[in-house]
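The two complexes that follow have chain A in common; it is paired with chain B in the first and with chain C in the second.
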Partner chain A sequence: MNISDIALKIENLRVHYKVYRGILKVLDGISLEVKRGEKIGLVGETGCGKTTTLKTVMNILARNAIVTAGKIHANGDIVLEVKEGRVRKKPPKGVAMVFQDPTAALNPVFTIGEQLELVIKYAANINENTREFAINALQSARLPDPERLLTNFPFQLSGGMRQRVCIAMALAARPSIILADEPTTNLDVTIQDQVLKLIKRLSDEQKLALVLVTHSLGVARETCDRIYVMYAGTIVEVADSNEIFEQPLHPYTRGLLASLPRLTGERMAEGIKGRIPDYLNPPAGCRFAPRCDHAFEKCYTEKPLFYKANDSHLVACFLYEEGFSGKSGEQS
Partner chain B sequence: MKAVLEVRGLKKYFATSKKGVYVKAVDGIDFEVYKGDVFALVGESGSGKSTTAYTVMGMYEPTAGKIFYRGQDISKIHWKRPMELKKEIQIVFQDPGTSLNPSKTVAQIVGAPIVLHKKPRGEKLKEAVVHFLNMVELPSEYLYKLPRDIGGGEKQLIAIARALASGPSFVVLDEPTSALDVSIQAKIIRTLLRLKEELELTYLFITHDLSLVRNISNRIAIMYLGKIVEQGPTVDIFAQPAHPYTQMLLSSIPVVTKAEEALKPKKVTSTGEIPSPVNVPPGCSFHTRCPFAWDLCKQVEPVNYQISTGRWVKCHLYSNKEVLVKKETEHER
Partner chain C sequence: MLKDSVPRVLDTSSAYKERIKRGWYRFSRSKLSVLGLALALTIVFIALFAPLVAPYPEHAGPFVDFSNACKPPSLTHPFGTDAIGRDILSRVFFAFRGALLMAFVVLLIVVPVGTTVGLIGGYFDGLWFSTVIMRITDVFLAVPPLVLALAIAALLRPTLMNSMIAVCVSWWPWYARLVYGMTVSVKNEPFVKAAELMGMNRFKIMFGEILPNHLGPILTKMTLDVGWVILTGASLSFVGLGEQPPTPALGTMVSDGAKYLPTFWWISVFPALMIVAIILAFNLLGDGVREMLTSGE
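Then we have the complex of A and B:
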């Protein structure tokens, strides 16, 4: 594949956090790849490193974070590289981020118009007619009465409208990649549905590459083309979004899917026993091994590689070391 | 059958800084919860579901209307309620991170209601606490831990143990799993359902998660802007959602299988946002977002129409039989 088809590429990213108790080894070799115009979902539970991954790309990691390995390309530029123990970082171009909490993402003492025009001036380098660009940006996010909205303060808007303003603001910078960090977690289901449709429509229209971070498998399925499932700082499974729900392979993905309450009213499974490991002393082998029903000796000592089920379906689990035929029967 | 909890015309208004302007959090709702029920109160944020729960608990005094517990009038604030009654009705809050006192040990937290209601001392108290911890499948090692030393799921189990410690027969669950991850949620829900069978409890379950409700409740009331717009048996509502708002809610749920996709209503898509409960739209409060709304909806508030046994809908679409028949055939198609 030609390198220019790839919008964002993360290779073997390791990020640690230095805290009072020691070093938290959070990201343990994350690799992912987003093509131009592709929508991918990064799914995982609280504390699995989804947000850390996005923050590394945006170069907005907390001060106590240490990048120990990895390389990130965005739009053909090298954004981050670790060479001989030294980290080279630069802010990415053409990448915008939508944050989880729109109330915290907007400045409460400036009007929407002022904030939006700043983005247009400094991120998109447009110095004339910024007001018209701002109105256009708000219109594209289907916000009613954009002229009046420009003079409003964030507190005058509802949660769903604030998040739409944040999306408009992210898109006003004319990015080619959009990183959305749980954009709908704080919203009600009916508003979530509208915001997701908006994100989907805008990224289709403008051929944006989208990385949608979410803890909800349903949200990822309805928005994304491909899904990366994360567990405790590692990627455990990658597949097309239809396939991962019909044929989940990794024990974690299966456990997660079985724990979801279904509209059809099937019985929910017991959930997954135990909890996410302590990052101070993460398991030496597969990080899921202590919670896994299928774990055997090797799982505790060696890290699993990715095994290929088909061209687009990869799974990091020793169960599939000897092929996929025998084991896939287990899931029923 | 006699209802365990009966709510009649309950209203709870909150005053605002402007005189004569009220937030109509709960605006005239009726429902009954029978013994052994898991009665789910579903709605978006701002629909008044938590206010209803807190009014039932006596944390708020109702503005108007009556609440009966086994025939006894309990529509008053908690300090006016008798002790035996408080023992009977307990609550589990949404976020165990804030509902447990951070400076008290698990033994003190779970022990507090036992001391208050049953008054055992010393070893007996400790035994009782261990008994309730075992009930939620936590080992006795947890006795001297502080909330900060335990994970979110276990904290919620402790909040459940505390609610059970006074020996209630009616438990209000206010979004008990919405702050937790799905893999943990499943365990909490399993525990709650097991305890319901073992202790013959009745639950009032407050939530916004319809897929969860489908799995655990037997009756549902859907709330919108302080009013119940639809109520009935869970199976019926999911098979044939009647109110346009119920259809909108169902169609917005992100699902993971094709079988679930097929259950979602197709004709109603989500538009607009829930208006502020200070300025409730006149007529049917949902008319601003309703795809079927006509002139009547903007002027006259619909009453409750019964469409089948135990099933009520607050919508003008069901005001005469003809419309109903038409709607039903549409659903069949």
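Then we have the complex of A and C:
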């Protein structure tokens, strides 16, 4: 594939955190690829390293984070590269991020207009007609009465409006890649739906590459073309959105699907036993092995490679080492 | 990188006007705050126009009238007269000038210095020079401010100027600590990260994005500190380390009158009461400012 078709590419990214108790080995070789205009979902439970991945791309990791390996391309630029133990970083161009908490993402002491103006001047390099540009940005995020909104302070808006303002701001920077870090976690359900549709529509319209981080498979299916399932700092399965639901291969993905509460179900959702491993001493082999019903000896000692179910469906599990026949339909 | 030359196109002044109105509404809800404001304004007015307001302006200088010495409070001398016949009310009015000048100059120096130190220390928290700056601040904080001010004032010649320097040296660390704490908690907020990502200058982030978040607490502390700085100044002049006679100073007047207690009680009691009035006024005002800037958001 031509390199120019790829908006964002992460190769074998390893990020550790240095803490009092030792070194937390959080990201253990993340690789992902987003084509131009493609929407991908990064799904996993809390603490599996989704946000760390985005922060690494944006170069805003906490100071105690150490990148030990990996390479990140964004828009053709090398944003991060580890060579001979030295990390070279630079802030990415054309990448915007929507943060999880819209309240914290806006400076409480400035009006929306002033903050949008900064984004327009600094990030989009537009110095004329900033007012029209700002109003357009707010309008495209379906915000009512943008003129008045410009003179409002963040605390005068509701959570959903704030998040839409954040999305408008992210887009005002005219990015080609947008990273959305659980943009709907802090919103109520009806607003969640609106915000997701907005993100989807805007990225469709402007041909943006989208990385949507979420812990909800349903949200990812609605919004994204492809889904990366993450577990404890590793990618365990990649597939087209519908295929993940129709043919989940990795035991973890199956567990996730089984733990979705169903309206029609007679019984409670099953869930996955155990917890995310301790990052201080993560399992030597597959990181899911201690919680996995199908784990065998090899799982505890060796890290699984990706096995290809079809062109777009990859799974990192030793169950599929000898091919996919007979096992792909099996339910856990 | 900076694009400050570009004129601001978005007019958001109406939003700030509304904010000020809301603030005044919250401030005026408390009658005590309004009383504090009125008292403080009166004191400032008296200090500014002391020569016009004082009944005997010439008594503020080298003036002696032994025939009127130690007269108790009366209609001609509401606060009485001191041991050499000077009108105490007039001298108190003139003493307000030195006291307020001191508070003004000290805060003018201390707030920018302390704030800058705190911002740098907080924003670069964890780096070696931040540690150095904040430990130096801690050393200053470890000595009680009055003791430190006394020690410094005693080293220098006793003038109003030197007592201001003494108070400044002991006062800035409190602002540095206050701003440091708030900066550490704000600097990891996503809006600061976003500004960093856009490539904004670090100093612009510190002063333009972070500092405005601290203005409420800083302003509140400043208002309260007017009273406390004046008290510290009065303490210095009480032990003879402030303004020198014949210029009136509240502390000096209290200590001069102490010799004549309890017979000629008014010589010390009225200047002392005025110190109380100043501190009370600015404390009430400070509470109102806090109410105005912090609640309801």
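Throughout what follows, the second predicted complex is superposed on the first by the 326 of 332 C-alpha atoms of A that agree within 3 Å, B and C clash if a C-alpha of one lies under 4 Å from a C-alpha of the other, contacts with A are read in each partner's own complex, and residues count from 1 in each chain.
Everything that follows uses one rule, which is that contacts are C-beta pairs under 8 Å (C-beta built on N, C-alpha and C of every residue); 3 or more make two chains touch, one makes a residue touch a chain.
These figures come from a predicted structure and were not determined experimentally.
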For A:110, is the partner it touches chain B (first), chain C (second), both, or none of the two (neither)? second
In the superposed arrangement, which partner chain does A:58 touch: chain B (first), chain C (second), both, or neither? second
Pick one for A:272: touches chain B only (first), chain C only (second), both, or neither. first
Return first, second, both or neither, reflecting whether A:215 touches chain B, chain C, both chains, or no partner chain. first
Applying the touch criterion given at the start, work out whether A:234 contacts chain B, chain C, both or neither, answering first, second, both or neither. neither
After the superposition on A, what does A:140 contact: first (chain B), second (chain C), both or neither? neither
Go through chain A and flag every residue that touches chain B in one model and chain C in the other. none
Any idea which chain A residues touch chain B in the complex? 45-46, 158, 160-161, 188-194, 196, 215-219, 221-222, 245, 255-265, 267-272, 275
Note: in the complex, chain B contacts chain A through residues 44-45, 151-153, 181-187, 189-190, 208-212, 214-216, 235, 238, 248-257, 259-260, 263-264, 269-271, 273-274
Which residues, counting only chain A, touch chain C once they are in their complex? 58-60, 62-63, 91, 97, 99, 101, 104-111, 113-119, 121-123, 127, 129-131, 134, 150-153, 155, 173
Provide the residue numbers of chain C that touch chain A in the complex, in ascending order. 3, 6, 8-10, 12, 14-15, 19, 126, 188-191, 193-200, 209, 212-213, 215, 297
